[in-house]
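You will see subunit A twice below: alongside subunit B first, and alongside subunit C after that.
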Partner chain A sequence: MTIGALLFTAGVALLVAIVSGSSSPRCWLAATLAGNVAALTAAVNVLAGGEAWIWRGGFLVGGETLHFRLDCISALFLVLLAVVASAGTVYSREYWTDAAHPRSARAGRVWWSVLIASIALVLLSSNGLHFLIAWELFTVASYFLVTLDRQRREVRAAGWLYLATSHAATLCLFAYFAILAARTGTWDLGPMRDETSLAPLFWLALFGFGVKAGLFPLHIWLPSAHANAPSHVSAIMSGVTIKLGIYGLVRFSGWLPVPGAAGWVIASLGVVSAVLGVAFALGQHDLKRLLAYHSVENIGIIFIGFGFALIAARQDNATWGRLALAGGLLHVWNHGLFKSLLFLGAGSVLHTTGTREMSRLGGLWRSMPWTAGLFALGAVAISGLPPLNGFVSEWLVYLGLFDAVNSQGNAALAAVFAAVLLAVTGALALACFIKVCGIVFLGASRTPAAEKAHEAGCSMTGPMLLLAGACVTIGLAPVLVWPAMARTASIWNPAWSEIAAPASLGVLGRSHVVLTVLAIAGAVVLWKLANKHGLRRSGTWDCGYAAPTARMQYTAGSFANIITQWFTWILHPQRHEGRVMDTFPAQAHFEEHTPETVLETIVRPAGGAVMQLAGAARRMQHGRLQAYLLYLLLGLAAVAAVVLIGGGR
Partner chain B sequence: MSPLVNIIVGLAMGLNLLALGSSRLPSVIRAMAVQGVLLGMLPLVIETDFDWMVMLVAVVTMAVKGVLIPTLLRRAMRAANIEREMEPFIGFVPSLLLGAAGTIAAIAGARALPLLTEHADTLLVPGALASVFTGFILLVGRAKAISQVCGYLILENGIYLFGMLLIHSTPLLVESGILLDLTVGVFVIGIIMDRIQRAFDSLDTRKLTALRE
Partner chain C sequence: MTSILEFILRLAVWLLLAPALPGIINKVKAWVAGRQGPPMGQLYYDLARLWKKSVVMSTLASPAFIIGPAVAWIAVLVAAMFLPLGPVGGAPGFHGDVLLFIYLLAVARFCTTWAAMETGSAFEGMGSAREVSYAVLSEAALMTAVLSLGVQSGSVTLNEMLATSAGAGAVLLAAGLFTVLLAENSRVPFDDPNTHLELTMIHEAMVLDHSGPPLAVILHGASMKLMLFAVLLAEAVLPLGNMQPLMATFALIGAVLAVTIGVGLVESLLARFAFRRAPLLLTTAFLFCVFALLIAWKGGAA
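Coming up: the complex of A and B.
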């Protein structure tokens, strides 16, 4: 089948899914999966070297001709969408059932399919107007998915914050596309790299897409939305929708000229996002909120790669630019895979224990070994450890940075800083995930709910296995994905020709295989030894006490305390404690909470000030005719003053 | 332009101040009526050639502004049984001072405007600005609906004075159109006043705040 036919099939299947979502769950499942598989096939076709698919409809939608384009850049994101959406679709069958959620399960299915369809439309649209329509549709669909459980107050608050921030961003995108259309005379999009006067528009795009991507100071909506959404929705939001911000920036920085400072700004925002994202993650005690902050961190890593690619493009330096961009783009895939794996794992924990609070969990690996194992695999991947995929993409970014160090000028200096901070980020992420796995899965159960936990069913572990398999595949055979990345980089910047994979990538893949084989062999030997000599089981973390309780274990807060101390200047953790000061034991308590600093110290006060101003302005509307006439007079005087001062013009 | 024009406009500016300073409704209405008659005479003075059209409009203006509207207002006042006091928001002395300051500012400001030389040495533009300003002070500073009607009329007189600048280039029909609008406006205001009176037993616009939102 041709690509057009495949995409058409996918579209029809998704339409069927949307229609059947509320009445027939089985039909919905089949149609959504079929649509995803068709889209995946089309996208893989394009990535594997097929021609870009461009299609112009013969009719108008909203006064504009339909114009679809599936080239390597959109295919790259479409692959990720199809994989993560398939996993989430299957997962939601058991996770968000009609029986447990009679109010929202039907709506959840319909909006889920709408979300997939509209994201695919965003990726395919090559017309500014249709891009905006699809963009808005996808924002609204994800809003309804985030607020599926809207009986809870914090869910409504998170949804509202998401909607408000998204629309502030969409407003910028409206301005972006409208100005673009006004300057070029058409809403149609395509390469226009020579029109240098369009470069300043990049800043509008950076804000609009940056909010969606969750770049550091613009990420305020992200933690609460990801934490409060149902887990399969968190998975697709963190795995795919925030990547649409990256897609927008990569797409339009490839088509339009960018200002000279763009690469520097993006790279520095990336570094800030990466380091602060992981710092905030360390301060969290809510499992899903912690994962959400890791999205900010990983978006930062992607932006480091992308920013250095922009700098390289500016300096006409294909070698390290290509590596940095390929690393960033591969990290888009990788983060999408392991982050949705982690969110699905967190969802399984939440599903069986009913809490996201890490300090109420513990010892889960005994009751849910599959979930624990797969979550740990995701944790290894996100921490950027070999032999998994996270290491491959971060390593490509490192390669780019190291090559940049060899070049001359400012880029070399910046690359040193970026590489060091990227390493710091990796180390902190590792610490953070040791904390998560240690607190949630190891040790003894802290609450009865955690004690009664049971393994998730196979429609929940199955999708996680699929995602984990993808993570392992990319980790063991990175050479397989290199051509797709190189081709995408050459589409992004036509001056950068496709080249074969760097030799070290093959070495990396082989050493990963060796490492895996050694690890498996070691595990088998240990297992045999254990069987031969017998195992002696005892309580974990008993610290030599005769009668330890589960409450004596390290908590999430105490584990990360040393590191969060370094970041108190930005984290502002709020502590309420009642210490025991007397000789004899007495009641004591300790509470810790890390608020969202940007939201609490900047956005909320600013919002309060606006509301106060608005309240003051409202007092002007009191119904006294004479005063209204006075306003009129003052207005006229102001206009007259403007005209007089404006004078000659 | 003859000095006669300046004298008439000067008188009209004086009447502005009189309207601002008087504490009783009938005297404000009278000041406004006299001003209307004076301004009605202006086209005859400015237009040197005799034209029956100009004559007609001038007579109609004088009749409407000097007789018809004041009569209507007095009748409304009597019918609604309004007290004759003005009840100012802005006191009479401050109003007068404001009006005087506005007049001086109008004369000073008119010099700054890029006017034709033939208009620069007349009082037409300052007079128009001062009347508009006076109308506004009356509108903003008085509580009774009838005094607000007077404010609107004085404001209109200012606009009429601006119209005099164009008397050579635009037909007076435009001016008669404005006059017609104004008459309709006065009728409408009369009807509204009647309704307010019936609904609230008063013509005090301060009570209209009960209608907000």
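Coming up: the complex of A and C.
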């Protein structure tokens, strides 16, 4: 089948899914999966063949001819969408059932398919107007998905914050595309790299797409929305929809000229996002909120790669620019894969224990070994450790930075900063995921809910296995994905010709295979030896303490305490503790949580000020006709005064 | 053929010589204190004894309690094999292998701390929290040191980066790397390997529950890691690539011995720092590496 036919099939299948979502779950499942497979095939075809698919419809929609384009850049994101959406579709069958959620399960299915279809439309549209329509549709669809469980107050609050922030961003994008259309005389989009006067528009795009991507400090909506959405929705939001912000920036910085400072700004924002994202994550005790902050971190890593690519493009330096861009783009895939894996794992934990509070969990590996193992794999991947995919993309970004340093150009000093802070980010992420895994899955169960947990069913572990398999594949055979990244880089900047995979990438892949084989062999040998010499079970040796209880274990807060102390200047953790006064204190309590600093200290006060102004202005409007007539009279008098005084000219 | 022989030689050096280093440190400490001290080969006896013992495992722990130390040991060994050993050379490196080297050490950290969290003991929670927190600073220092070597040699391959000398910033780099060595290997002033106050330890607190062969693997891995940092420090400072093979071998052995004795002397003459001050010392190490980087930078530009 040709690419057009495949995409048409995908579109029809998704339409069928939207229609059948409320009446026939099976039909919906089959149609959504079919649509995703068709879209995946088309996208892989484009990435492998490199030939872009362009189609112009013969009819008008909203006064503009339809113009679709599937080139490498959109195909890269379409692949991710298809994979993550398929996993989420299957997962939701067991996670958000009609029986457990009679009010929202039907609506959830319909909006899910609308979301997939509208994201695909965003990726395909090559017309500003249609792009905006699809963009708005996907924002609204994700709003309804976030608030599926809208009986709960915090869900409604999260949904409202998401909707408001998204629309502030969409407003910028409206301005962006409208000004673009006014300057060029058409809504049609395509390469226009020579029109240097369009460069300043980039800042509008940076705000609009940056909010969607969750770039620090524009990420205020992200933690609460990702934490409160149903987990399969969190997975696709974190895995795919925030990547649309990246897509927008990559797409339009490739087509339009960008200002000279763009690369520097993007790279600095990336560094800030990476370090502060993981710092905020360390301060969280809510499993899903913690994962949400890691999205801010990983978006930062992607932006570091992308920012240095922009700098390299400016300086016409293909060698390290290509590496940085390829690393950033590969991290888009990788983060999409392991983050949705982690969110699905968190969903399974939430599903069986009913809590996201890490300090109420513990010891879950016994009752849910599959979920624990797959979550651990995701944790290794997101910490950027070999031999998994997270390391491959970070390695490419690092290599770009190191080569930039060694080239001794004017980007070198910035690259040193970025490389060191990337290392810090990696070490912090490792600390954070040891904390998550240790508190949630290891040790003793802290509550009866955690005690009674049970393993998730096949339709929940199956999708996680698929995502984990993808993580392992990219980690062990990175050369397989290199052509797609190199081709996309050459579409982004036609001056950077597509080159074969660097030899070192192949060696890295082989080293990963060797490491994996050796690690498995070592583990098996030691396990066998331990069993051969006799393996006895006994209570934990708590240094002689006779009656340790589950509550004496280290908690999420105590584990992260050393690091969160370093970051109190931005985290502003709030503590509530009862002071111990008596010699034999009867009770004591301690509570700590880390609020969203940007939201609490900047956005909320600003919003309060606007509301106060509006409230003051509202006093003038009270419905008394006489007063309104007085306003008119005063207004006329003021105009007359202006004319009389200033009218001399 | 020679490459296979070289490979076996390097493997043998890492596996067999590494446990001698803690023995040397203990001898130095004993000598300063005027004691006789344990024999140099004490760790070898300990390893042999532990290897034959049975294992007691916490009722809470999963199989990863035993798998973790195994994977950590493999990760350190693979990282060590990437390091060149003077004239013997290293693994056929590749562009960017130095990053794999650093991240393999992170893999080892992930596995050790994971295994510690398995037991649900507050002491081991403390140990792993400290381990992962201080590693943030030492990783920053290590990355800066590597960047300065990269600027000095113009390469991103370990073999080439370590062949030349660290140039004018060598002293600063050595000071920075030595401090990182002390922190990463849980030596005084960051941690006291002799202490038996569980509340004050890092590495020892993490392995309280391990016994038998897994403990042997942990101890051997720790000694390999110590040697790895000692060799890294020696090769970063000395221009081994420009020396005669025999000369280079002696220089390397001498430098590693000097570092080891240095660790022993620090341990004898210095008390352990309060935990609050440990991050400050690591920040100092990081700054040493930053200045080494700046010197390499200026040298490169001139």
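What we mean here is this: the second predicted complex is superposed on the first by the 603 of 649 C-alpha atoms of A that agree within 3 Å, B and C clash if a C-alpha of one lies under 4 Å from a C-alpha of the other, contacts with A are read in each partner's own complex, and residues count from 1 in each chain.
As a working rule, contacts are C-beta pairs under 8 Å (C-beta built on N, C-alpha and C of every residue); 3 or more make two chains touch, one makes a residue touch a chain.
If you're wondering where the values come from, they're calculated on a predicted model, not measured in any experiment.
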Looking at A:L442 after the superposition, I want to know if it touches subunit B, subunit C, both of them or none. Which is it: first, second, both, neither?
second
With both complexes superposed on chain A, which partner does A:Q587 reach: first (subunit B), second (subunit C), both or neither?
neither
Determine, under the contact definition given at the top, whether A:S197 touches first (subunit B), second (subunit C), both, or neither.
neither
Taking the superposition on A as described, I'd like to know which of subunit B and subunit C A:L633 touches: first, second, both or neither.
first
Give one of first, second, both or neither to describe whether A:G623 is in contact with subunit B, with subunit C, with both, or with none.
first
Which partner reaches more residues of subunit A, subunit B or subunit C?
C
Mind pulling up the subunit B residues that touch subunit A in the complex?
89, 112, 136, 139-143, 148, 205-206, 208-213
Residue set of subunit A touching subunit C in the complex reads 362-363, 365-366, 369, 372, 376, 380, 383-386, 391, 395, 398-399, 402-403, 405-406, 408, 416, 419-420, 423-424, 426-428, 430-431, 433-435, 437-439, 442-444, 502-504, 507-508, 511, 514-515, 518-519, 522-523, 525-527, 529-530, 533-543, 548, 550, 552-554, 558-563, 566
In the complex, go through subunit C and note every residue touching subunit A.
52-60, 62-64, 66-67, 69-71, 73-75, 77-78, 94-97, 99-100, 102-104, 106-107, 109-110, 113-114, 117-123, 125-126, 128-130, 132-133, 135-136, 139-140, 142-144, 147, 150-151, 154-156, 198, 208-209, 212-214, 217, 279, 293, 300-301
The subunit A residues in contact with subunit B across the complex are 621-627, 629-630, 633, 644
